[in-house]
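Here's the structure we're looking at; comments come further down.
Going by the order they are written in, the chains are A, B, C, D, E, F, G, H, I and J; count residues from 1 in each one.
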Amino acid sequence: MLFHVKMVVNLPQDMPSEVADDIKTREREYAQALQQRGTWRHLWRIAGSYANVSIFDVEDNAELHEILSGLPLFPYMAISVTPLCRHPSSIRDDDR
Amino acid sequence: MLFHVKMVVNLPQDMPSEVADDIKTREREYAQALQQRGTWRHLWRIAGSYANVSIFDVEDNAELHEILSGLPLFPYMAISVTPLCRHPSSIRDDDR
Amino acid sequence: MLFHVKMVVNLPQDMPSEVADDIKTREREYAQALQQRGTWRHLWRIAGSYANVSIFDVEDNAELHEILSGLPLFPYMAISVTPLCRHPSSIRDDDR
Amino acid sequence: MLFHVKMVVNLPQDMPSEVADDIKTREREYAQALQQRGTWRHLWRIAGSYANVSIFDVEDNAELHEILSGLPLFPYMAISVTPLCRHPSSIRDDDR
Amino acid sequence: MLFHVKMVVNLPQDMPSEVADDIKTREREYAQALQQRGTWRHLWRIAGSYANVSIFDVEDNAELHEILSGLPLFPYMAISVTPLCRHPSSIRDDDR
Amino acid sequence: MLFHVKMVVNLPQDMPSEVADDIKTREREYAQALQQRGTWRHLWRIAGSYANVSIFDVEDNAELHEILSGLPLFPYMAISVTPLCRHPSSIRDDDR
Amino acid sequence: MLFHVKMVVNLPQDMPSEVADDIKTREREYAQALQQRGTWRHLWRIAGSYANVSIFDVEDNAELHEILSGLPLFPYMAISVTPLCRHPSSIRDDDR
Amino acid sequence: MLFHVKMVVNLPQDMPSEVADDIKTREREYAQALQQRGTWRHLWRIAGSYANVSIFDVEDNAELHEILSGLPLFPYMAISVTPLCRHPSSIRDDDR
Amino acid sequence: MLFHVKMVVNLPQDMPSEVADDIKTREREYAQALQQRGTWRHLWRIAGSYANVSIFDVEDNAELHEILSGLPLFPYMAISVTPLCRHPSSIRDDDR
Amino acid sequence: MLFHVKMVVNLPQDMPSEVADDIKTREREYAQALQQRGTWRHLWRIAGSYANVSIFDVEDNAELHEILSGLPLFPYMAISVTPLCRHPSSIRDDDR
């Protein structure tokens, strides 16, 4: 089941750079592990913004929440979630 | 080059159903031809809305505009365009 | 899996009353059948508005979209969907 | 009498974690006591957000305000209240 | 129990004036009967707008909805409802 | 002359509680003195919010500004002002 | 007493031009008579818009409403009213 | 050439009062000098807000920017600029 | 003097195509004549929208309004105007 | 390929002036180097704001993001990006 998720990052401007770097390193590892598992299907940068558009493939809402709330950057992001489903004009049965 | 496009359809409530059906048929053919060519990379329905989220893979802004303004539903849609690029945490060189 | 759905109805002011009445009758039957099946868990009127707040219990996003897009009032409603999950402070394992 | 309440939590990013933990512990106890009494009828997490959707069953507006303003997290939440009533298409006389 | 209600009127610009006049006449009678009963406690015009701010004193949300949805102008108004209660700095026990 | 005023309080989260208490005490005395004089005609709490809806009866815009800008909480409030006048359907000549 | 009023005109696109012309002629006469009397102190066009910014000098809110609701274009305008008063840094006692 | 400028002041709540007082004193002198020269044509307080509506009479956009960016309060204000011109219904050739 | 102007076109969906074509033909001629004169410095299509971003070089606000209000599409566009001036980091004295 | 970029600067009010000056100096050098190369085609100040409107000429979205995210002021700006293309009424084949 697919969800469209937009994440906009707002790190506090007074956060020490080593703290920020640590969070970003853990965020990358977390994101890459989920991509390897096929759960985080797509991950794109929005040009000109510290933000991304992502597609998640999860079992249900609970799994989506567990993943998003576990993001190291979660306390510093504005997240919006949109549930997706197959489009009747899609040429694919399952467009992941 | 990838673009994120959200389209929300607003057909006039007094449009005759045969006119609407004709537009929708042409829209589907148009969308499927572009998907076959690899230009319209992804096409998802937003659950609960007459709207979609799409990913386009085009040469430049001009090609994107030519495609979108040629949609049979173009006069009846609110379209928002977001340019995308590779995310530094992506595990792919080219996440299409 | 639960979804929170808000629906605001906007019937065209020039719709003949017998057309409106027919749509509303079919809407009620549709809504009551889904409530009987346990799919439409809750249905409340927003005081002072021609609008409702509802809780749906569905298998996945696709079932939710199928149900909502099949509503007789669907072409005349602004619908917003919010995916829900269990709250860690809930006293219930499954708060339907 | 039912009210729909949405709460979005914004803890200050520099709040010490033991202070935050203490507030959250008291919040959970407060929420669970009200659920036991039947006043806080439903409590759901919004997937992907530090936010909830709740249904309260109270005597009047004053009781609702007393409950909400007494929440340990009250100073850190954006709260929106919507009064509900029975929907004419509901299959229940009293949908709590 | 008090509610703050704001109503903004939008009559269709092509409504025949005798239809509009009839609705307005019935609206006035309806409003005045409720004022006489003490239910519609206050009714003020917003200067420069075809809109009003009102205070209603009702038993519960259901009575409020019944009154508002029965307004002859109901189909032509944008209505927003805010539940009120006693302010701790009020010099009155019951500020109606 | 009546004005509708909505005030939303936002005290800084790091304000010492004795400072906040002092401001609130002075705010209450200020509000009660103006209510005694008949200038602050109505004062209601918005249920679920640290906010109020008020009706002021003043000579002119200048008196209104003098009163509002003198509120001890003035630097910490978002204030919106709406000028009111008699509604043609009011049963009162002067609905204060 | 001064009020700042912004008016944005939205004539229906299917209004016959002679009807529109008649309304505009009466609007101009109405506006000029009020300017002659000193009530409509200033009247400026917003560059690029069918809209104006005006300053009115009236006795009270009721007079302002009477004037604005009597505008021939009133049913076709979005009007926003802001009460003004003397600024403490003004070099004039009465800046009309 | 006239411009309508709205300025909303947001001084940091932790700014020392002597710093704030110094800025405000310089702001007043700056504003009064420009009023004396006829550049700052009108200056009104918005009732109930720490904000003003002003009319500037300048040679061009560059002069306007130079004046506004030189305001001692400039770093602490939200400023919105609207270009004005003569209204065809104005009774004046030059309504300053 | 430069102005940034954004124009979004909304032709009525029931406008006969020959009427629309005539307006568009006149709009193009009007736009090209102003470009030839150097008044309409830049004209770009917003990709995916029936909208443009333009830069105008005019004597004053009045000339800008005369040009914009004379556009054949003026009654069918939402127009927003932003006054520009030289940026201190520009490498040009006059960036047209 | 052209992009319209709007940047609004929000420097923290407690940033030491020498830090701010250093950032601004580097920002100017960065902006001027890109203007010299022809990548940053236009750069205008928005009158009355600490903000600019710019036109960039880049190979693709990735180059745009690389440039914008490398701006010394990037962490302190709200940036909005709009892809542009040739307008059919433009008198130029390539309006840079």
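The definition used in the following text is that contacts are C-beta pairs under 8 Å (C-beta built on N, C-alpha and C of every residue); 3 or more make two chains touch, one makes a residue touch a chain.
Heads up on the chains, UniProt names are A, B, C, D, E, F, G, H, I, J = Muconolactone Delta-isomerase.
Note that the structure is a prediction, hence the values are computed from the model and not measured.
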*Could you tell me which chains are in contact with chain B (Muconolactone Delta-isomerase) and with chain G (Muconolactone Delta-isomerase) alike?*
I
*Equivalent of B-J within the choices D-F, H-J or F-G, defined by over half of its residue contact pairs recurring*: F-G
_chain E (Muconolactone Delta-isomerase)-chain G (Muconolactone Delta-isomerase) separation of Cα centroids, rounded to whole Å_ = 27
_Suppose each chain is reduced to the average of its Cα coordinates; what separation in Å results between chain B (Muconolactone Delta-isomerase) and chain F (Muconolactone Delta-isomerase)?_
50
_Multi-chain contact residues (two or more partners), chain A (Muconolactone Delta-isomerase)_ = 2, 45, 47-48, 61-62, 64-65, 81, 83-86
*If you look only at chain B (Muconolactone Delta-isomerase), which of its residues touch chain I (Muconolactone Delta-isomerase) in the complex?*
5, 12, 61-62, 64-65, 68-69, 75-76, 79-81
*Write out the stretch or stretches of chain C (Muconolactone Delta-isomerase) touching chain A (Muconolactone Delta-isomerase) in their complex.*
1-3, 60-62, 64-65, 81, 83-86
*asked:* Quick check: in the complex, which residue numbers of chain F (Muconolactone Delta-isomerase) touch chain D (Muconolactone Delta-isomerase)?
replied: 13-14, 45, 47-50
*Any idea which chain H (Muconolactone Delta-isomerase) residues touch chain G (Muconolactone Delta-isomerase) in the complex?*
2, 4, 27-28, 31-32, 35-36, 42-48, 52-53, 55, 82-92, 95
